Amino acid sequence: MNYKSIREEAFEANMKLPKLGLVLFTFGNVSAADINKGVFAIKPSGVPYEDLLPEKMVIVDFDGVTVEGSLRPSSDTKTHAVLYKHWESVAGIVHTHSTYGTAWAQSLRAIPIYGTTHADHLTVDIPCAPPMDDSMIKGNYEYETGFQIINHLKDKNLSYKEVEMILVGNHAPFSWGKTAAKAVYNSAILESVAQMALFTEQIEGKVNRMKDSLIQKHYDRKHGADAYYGQ
Amino acid sequence: MNYKSIREEAFEANMKLPKLGLVLFTFGNVSAADINKGVFAIKPSGVPYEDLLPEKMVIVDFDGVTVEGSLRPSSDTKTHAVLYKHWESVAGIVHTHSTYGTAWAQSLRAIPIYGTTHADHLTVDIPCAPPMDDSMIKGNYEYETGFQIINHLKDKNLSYKEVEMILVGNHAPFSWGKTAAKAVYNSAILESVAQMALFTEQIEGKVNRMKDSLIQKHYDRKHGADAYYGQ
Amino acid sequence: MNYKSIREEAFEANMKLPKLGLVLFTFGNVSAADINKGVFAIKPSGVPYEDLLPEKMVIVDFDGVTVEGSLRPSSDTKTHAVLYKHWESVAGIVHTHSTYGTAWAQSLRAIPIYGTTHADHLTVDIPCAPPMDDSMIKGNYEYETGFQIINHLKDKNLSYKEVEMILVGNHAPFSWGKTAAKAVYNSAILESVAQMALFTEQIEGKVNRMKDSLIQKHYDRKHGADAYYGQ
Amino acid sequence: MNYKSIREEAFEANMKLPKLGLVLFTFGNVSAADINKGVFAIKPSGVPYEDLLPEKMVIVDFDGVTVEGSLRPSSDTKTHAVLYKHWESVAGIVHTHSTYGTAWAQSLRAIPIYGTTHADHLTVDIPCAPPMDDSMIKGNYEYETGFQIINHLKDKNLSYKEVEMILVGNHAPFSWGKTAAKAVYNSAILESVAQMALFTEQIEGKVNRMKDSLIQKHYDRKHGADAYYGQ
């Protein structure tokens, strides 16, 4: 069996979703890509987390064609493929139906930037792509979901390298990163920020976004040229 | 001891309720039916989950008469019996007082279809049957609860084969399926969808239901003629 | 060491509070009474649950005087003593600061009876005693808390035998029963009902109490002359 | 390796944060000070809790200069240093992004004193320092965060010896105490009180603070000259 490294990486990352409380049953999937080979390992569709194994991961190329594996890949595989094909530095993608993130997606609202927990990771509201046109839904749906994400970031003038998470309206969150582990981390951040933002608005209905200087400071502590967070 | 298969099935399914966080103490029950024999195995009334065993399940026929077992069956047994008697393809039924589902039932509102987590399982709002007339309450209450469920689905032009869950007003959720395990799965789905729907309305007070094309697409991915979810 | 039976009973019941998620740190206490001997065993004050042992329970009489034990009893001991002294059939009392019950107590509202989860246990709103007069607060505070509970039930024409739980305004819940285990059970019921009632009002702002016939039916299923719940 | 005692104390206290549900990933830090030596042990920056060890703690003096340790200390180290330098009796400090506390901080509201759970620990609202001026944010940010906390307490006429917790606006909670363990305890109290206060306002929109006599009584039970809580 080939692609051992991304199989292991995808397996480990998938197994983190239930531990982080981000999925019920099989409602989530993580993929890990080998950018040089142009393939990614993804969770098989509908298989319970307790039955997963690295060798059950399905290897798919960036056009969504299965390269290795006897199981059917996640029903969201084409969304992953489109994103890998268009985003050269991304090597991990996560989709969950996490409770608070999904509630924001269902409300069709971007998550406003209210505090440093949010600003530690991105400097703008977590975007919410609108639901697709009917023609896209009835067409190649999962493939178009990828384009909906790409195009919404473009419409908002956002870079996938700086904004590593999005809500898809009436659906649920997607996140990504340079590794599958980082993409899972981002999905947990999104859920936590989504929860805090709801409670913030419940505590104070007329709350404002935090100010730009504080957003920039916190983002730069972790991600700026002179970042000093971590080892 | 007879009916070993449905005893085991009912036992396993009942034990999943506390693991899924759907019950406090003994506030829930699952039954598993043998359609050919016209009987089902159900949890004994008021017995803590930690004391359950397959041999403690009570075997009851579709008229609600105990066939085998020394313990008293769940107080909701007649509701199960009525549903089995009238719904020929159902072989598992669950009743819980899960927190969010019960809150919607207490509010007397159907759960609006706000996102794909919901549409992956049914294409309409999760119905909420109104509380029964006083004469039904004072009569054969649990028996009438079954008819209240059956009749509310009829009133709403819904098929029990497509809508496998309901709220009973001022009471709590019921779910069902072709197996007891599927019925338990449905009770967890209902609870998750109920939670997300509440948060969705809290985030955006004027939220609309999702559009029909997206509902249909997600339902068909899992349940349509060309379904491609799972193995 | 004497009073082994109530020491064990109080120990077991106290240890259930953290397992049921009803307490943070040491913010709760259970006592178990021997009605014939006129004494009860209660948790020592401020001792972490992980350090508790049956022999650390303090034996106190119904006037609040320590009979056996070297540790200081719970600071709420006199409240327990007053209730045992005046309520002849009660042999277990619980006090917690459980999250949702305490929030209702802080809001000074009784918990409205919205569904069968509530009606399975009592037929009226869970009462909320108002905060005490300043003279009572500055006097024998814990002793007066007991009287505040007793008097509020009287004012509302409620019997402690039928209503086994109460909120004390700006403070937190108390519950009781014929055993310490039953009192703990009641404190978990109160918390669950309190949570559901909040969510019910959030789902539907203009929600009404459930109707009397349904309240009575559910209460009688468990507690009436012809009760048929349990074994 | 030196400073064994505060290394152990800081390690133990840091490990309690995930157990108490107060942190996601590495979003929190605890320090333990040796007041006589003028140093404190603090969590290294960005190190997962499961990889922590007492010998990985970084020893820093009250000017924020590392005294011993090869890892980079928490990015919030200078905030801790400023507080230790100005508050002579404090030997433990905690910073978390706990969910409810952070939501209040994001709403820029102090947490109103609604009940005895709050009054058992402090007699006033949990203060919320406003976000800093832009010049402070762009300057020595973490250092200024310490002064923002000190100055807000002064503005409100509060003593750090009586009020051992604060929210920093648009950021998150800080707490402290005579030991690191006490500071962690305070961070859990803040989170619990923050949660109850939100639910209290949701239950009753026009809720008032509790009355002074009851606040004072509960605070004095635990902290007054004649305190009778604990052993």
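Every chain is named by a letter (A, B, C and D) in the order it is written, and numbering of its residues begins at 1.
Everything below uses one rule, namely that a residue touches a chain if its C-beta (ideal position, glycine included) is under 8 Å from a C-beta of that chain, and two chains touch if they have at least 3 such contacts.
All values derive from a computational prediction rather than experimental measurement.
Student: Going chain by chain, each one touching the next, work out the least steps from subunit B to subunit D.
Tutor: 2
Student: Name, by label, each chain that touches both members of the pair subunit B and subunit C.
Tutor: Touches both subunit B and subunit C: nothing.
Student: Could you classify the subunit C-subunit D contact as same or different, where same means more than half of all interface residue numbers appear on both copies?
Tutor: Answer different: the two copies use largely distinct residue numbers here.
Student: Compute the distance, rounded to whole Å, between the mean C-alpha positions of subunit A and subunit D.
Tutor: Roughly 32 Å separates the two chain centres.
Student: I'd like to verify one number: the distance from the centre of subunit A to the centre of subunit C, where each centre is the average of its C-alpha atoms, in whole angstrom.
Tutor: Subunit A and subunit C have C-alpha centres separated by 46 Å.
Student: Please list all residues of subunit D that touch 2 or more other chains.
Tutor: Correct list: 202.
Student: Specify the contact topology among the chains shown, as one of line, ring, star, complete or other.
Tutor: The chain contacts form a single closed ring, each chain touching exactly two others.
Student: Pull out all the chain pairs that touch, please.
Tutor: The list of touching pairs comes to A-B, A-D, B-C, C-D.
Student: Where on subunit C does subunit D make contact in their complex?
Tutor: It comes out as residues 24-25, 27, 44-47, 71-72, 75, 97, 99-100, 102-109, 131-132, 134, 137-138, 141, 170-172, 198, 201-202.
Student: Inside the complex, what are the residues of subunit A that reach subunit D?
Tutor: Contacts found on subunit A: 114-117, 185, 188-189, 192, 195-197, 199-200, 202-204, 207, 210-211, 213-214, 217, 221, 228-231.
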